[in-house]
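Just passing along the structure, written as structure tokens.
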């Protein structure tokens, strides 16, 4: 039978590869994933990409597709959650108390804060929201180094180019060169959610079963191992 | 080195990249040559426009090029739909699409190299061939073409190398489906997107570099042979 | 075949305005550097499309700007030896030579490859590339390439300029053979008066893009007013003769002309064949009495017709030998000493060895009937 | 058209892109020329390696190139630290870094074009100049250089166009700081990443294309003038 | 200045193995196409570095493979007129002409631009680009370019091959002036025997990459055994003479030689100047008795020294004129008729006009002392 085709945000790769391996072992069926940026994947789906399942890194692109009638709304669910953290290069790491009005600007001095793009990339958008709600956005807005994606932002910290960066906890945990110096309070930004759904044009009979597999409690430890929080 | 051992999936990506680069190079060859010839030799209305279009993939961010390809050649795209229904040719989310994207991205490089060569051909040699009875087409085949071989080789290797590295347009156009559209650069990209992926990215990068280097060296050897054949024979100093 | 040319063309400051018709098998274009020879040849080849004009070879119209006819170069079947070689650098000498063959109608491959290779002495170069050839070797290959295309018109732009005398001496008879036996019409550009005088039945003298004179070679070479263009040293008259007999013992041939009998080195043709010989003015000595006991074999009775003092010590003298004009060149001192004046009867003395090979050409005015070679001196 | 009106921020991006593309092109010119000359004219140990390195930016996915630049020229990078401490030259997060990234990405294109031209120069002309007393350097300046102008122009326009479109390496190396390193492609990228951003992306794309077209046409005119000067003067058919 | 060349070089199948020394101001390289002339010139210019060898100009060593000396071309200050032009296509004619100036030490700019432009007749071409020049125009610009570089050695590889007689006639005296007045040593490649005979004090005859003969031009041109290479038509003897007097009225000059008095067209030099004249064998007529009433002004007493029958009707005869050798060429028929045999006393008759400009050269054996021109015929 045809393999199930997932379109998934690239940051999910490590976790999803394991999930798929488990599915193969269990059912003997194939599944394959096209990992890319959520925006690219969404646009491809708009143009009739032969995908069965979409797992986005943020709600916006899923909403976009749903409005266009390209997903099966009844199958949509919030699959995973993530959190954002403040990281520092290992060499200069000092814990930072993150709260309203915390002195991020003075911590930076004349250096920069690395983030994923604050208007385009989900991690950047969440970071911006958090800084805004904590009232420090104005002070650091001019001192940002915005990267194409979270990993690139992390690289800037990891290389010591910047003293601080805001990245996903999932990424921070895996990089030995950086240290998490502070966690952003959950309420300081909209919840970080990876929604998943079956696509309207999917004809693969195994797709629904695969999605169930992904959501199954058995897979929970896999995702948690990679730093995600699992909903439901 | 164990570290260099490829997973079956990665092996697939290597093979696919080679196939895509090869076909991208080959398929753009005739079109590129014709375009280069047109631009080098003729003056016509809209020449600037054609020249501009040729250069577009260079000027545009690859993502935009990929998106335009998606809009044009996608399943729902103006040309894509037509090609599909009329000839059953599908680019969308196939390796052929990746080849198309790579060909398009490499096109300006290929055309420029060939055009430069065509412009330096001594037209008096073509005239001489004409007086010997060769029709314009035969002149092209027997005189112009051999003389511009260095440019053709340069154009081909540029196109090939570009195809080995192209990623933005490809992943935007045909996505990143293992075994179908996942090229080496796409695979590398995904590695860079996850924690701990650096080693994998590095490994694939080395492989990609090794392949391209081999192609490069081969092209140099070829070019040298051609050059020694056509050489002006100026006394060595 | 008649070659008709009537063209106007401009390039930069240079205007070409040429009109001539040549019945001759070999038409020489002669003129100073920059006079428009190559331009004209390019027009005939179809490489330049002139502003206005007509070019025809017999009935075949190659160009007629009024009727909108322009046969493209590759349909003209013209063999062109360019002034600057233009060998294909990516092909071996052999491939260069055979290039035109691919395109010649197979029925019309006249020249055998081996013959041409032998003639031009390029057998050892066949596998080489043009880049490493010497100047003369390149030129020889270029000649071979044009010949082997089996053209119906041959254009040769100073083909022998970079060749040594020995090689020229081998190639010239071959060109004569093409002209006479193959009857390929040839348009031949050369600065070498000797070459032109020997080869051309018709001569077109170009000067600054215009025809200064055109007509039978003999007439033009003998015209005193054209000396500045034809070169004074080579000036001379042409005698129309017929072979009377051969003196086999001495390797000489006896020619009958209106002016009297002439002995020249042997010409390998039958008695009765018409032969044109050129006598250079500088080779004619004058004597008031018939000399005896001298080595010169040719003594012609003549009358002084005209004296033309040039600048310097030289006087050109037109003689009348029983109605045939002859040119002589002597010093002003001799003119005085001998009392030369129009109407004076005297003897013109010419050595037989003065008739070099290049000054003897077989053929009637209308072009050679059958070819033949004068003995090699 | 109101729709085309640029926000002040976008205007900044346009100006910055122009500045970066210009300097990328200009700064790589001497290095590119020297490299092209070396590759075209000399045989030396490691020539293949040099040639490979020149082509690397073409072969590698731009993101990887950007990352390598970061490793080398970042503040803590091997070369970056040295340059900073010795000469106070900083690339990190500066427009100069963006220019460096663009220069590097355009380098193989520039070198190839120039190299092709250099290879077709008739060395006998250089010899002639030598016999007239010109030293090798003067020969280069007065004979070789003028003769390869078409290749230089081609190389420059390729480098410029590439710089106008380059994005992956730039953003990875120097990030995307408005007014400092945010080039047009970065701005376009941002638009493509949000739902409904297509119109904005399209607008900036058109501007980028318009600029590059102008540069392209200028380069063509220039090349034509050069060609008419150097032309072989073969009779027109 | 002495030019010493002793080199070995291989290219492909061709081996060059040349050794000669020339004291003469103008050394001609003569030889068939492909004999290695251009290769040798390239070695002297430094464009080819031979496998082994030594090249020196006077004390200045340009190449010595043993001592590891190799002066690069741009330091040799050599003006090279290439066989194939090599004009800079991107520079105007004027810029081409002035190119070498930029690099010549400013104190040594000898030739005035205007003089050279006038001489070569290229005034109207100055703003043009080489691409649109005719073949001869290109060659003239190339000559000008080399001259204006104020070289200390001039290499000319068939510089006049593509020029018409008129133009040649203008340029040749200029080259003589360079040779004699400027005293620039010249290495001159040519196929034209006349040119070589006129210009060269020393002749090096190349054959298949080796020196077949080298020495004073007169000696080599007169050697019967070298005719196959030098060309028979131009064979002749050289007489060493001294100017005795001028016959101003007639525009003639009287020369005294061991063989007797000779009248030639005026030579613009003082009485007493040594002059070398060449008398071509074909221009010498023999008479048993002293002829009178003839236009030929030069009648020399001679004795037959040797008869050399060639193939064909021709016999070459070596005469002894009071110890000086002279060559004559007559037919076998004349030999019989006149009963020519060694020891026979007779008269050699030579027309004054036979002394063309090209056959007269001022100078002693060691090269010209002061320059001068023969009157233009």
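Read from first to last, the chains carry the letters A, B, C, D and E; within each, the first residue is number 1.
In this text, a contact is a pair of C-beta atoms (placed from the backbone, for glycine too) under 8 Å apart; a residue touches a chain by one contact, two chains touch by 3 or more.
What you see is a predicted model; the values in this text were computed from it and never measured.
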Ask   = Expressed in steps between touching chains, what is the minimal separation of chain B and chain C?
value = 1
Inquiry  = Please report the minimal path length, in steps, between chain A and chain E on the chain touch graph.
reply    = 2
Key: Pair of chains with maximal C-beta contact number   = C-E
Inquiry  = Need the most distant chain from chain C, centre defined as the mean of C-alpha atoms.
reply    = A
Chain of greatest Cα-centre distance to chain B = E
Message = Distance between chain C and chain D based on Cα centroids, please, to the nearest Å.
response = 60
Note = Note: chain B sits from chain A at a C-alpha centroid distance in Å of 35
Key: Separation of chain B from chain D, taking each centre as the mean of its C-alpha atoms, in whole Å   = 19
Request  = Check each residue of chain D and list the ones that touch at least two other chains.
outcome  = 63, 67, 124, 127, 168, 189, 192, 232, 234-235, 237
Query = Residue numbers in chain A touching 2 or more other chains?
reply = 152
Message = Two-or-more-chain contact residues of chain C, please, as numbers and ranges.
response = 11, 39, 46-47, 73, 84, 132
Inquiry  = Residue numbers of chain D touching chain E in their complex, please.
reply    = 124-125, 127-136, 138-139, 142-143, 146-147, 229-234
Inquiry  = Under the definition above, what is the set of chain D residues touching chain B in their complex?
reply    = 48, 51-52, 55-64, 67, 108-109, 112-113, 115-117, 119-120, 122-124, 127, 150-151, 154, 158, 161-162, 164-168, 185, 188-189, 192, 201, 205, 208-209, 212-213, 216-217, 220, 227, 232, 234-235, 237
Chain A contact footprint on chain D (complex, rising order) = 63, 66-67, 70-71, 74-77, 92-93, 168, 171-172, 175-177, 189-196
Query = Contact residues on chain A for chain D in the complex?
reply = 37, 39, 42, 60-61, 63-64, 112, 114, 117, 119-121, 144-148, 152, 155-156, 159-161
Query = Touching chain E in the complex: which residues of chain C?
reply = 11-13, 31-34, 37-39, 83-84, 124, 128, 132, 134-137, 139-140, 157-158, 161-167, 191, 193, 228-229, 231-234, 247, 250-252, 263, 265-266, 282, 285-289, 291, 293-297, 311-314, 328-334, 336, 338, 349, 351-354, 356, 375-377
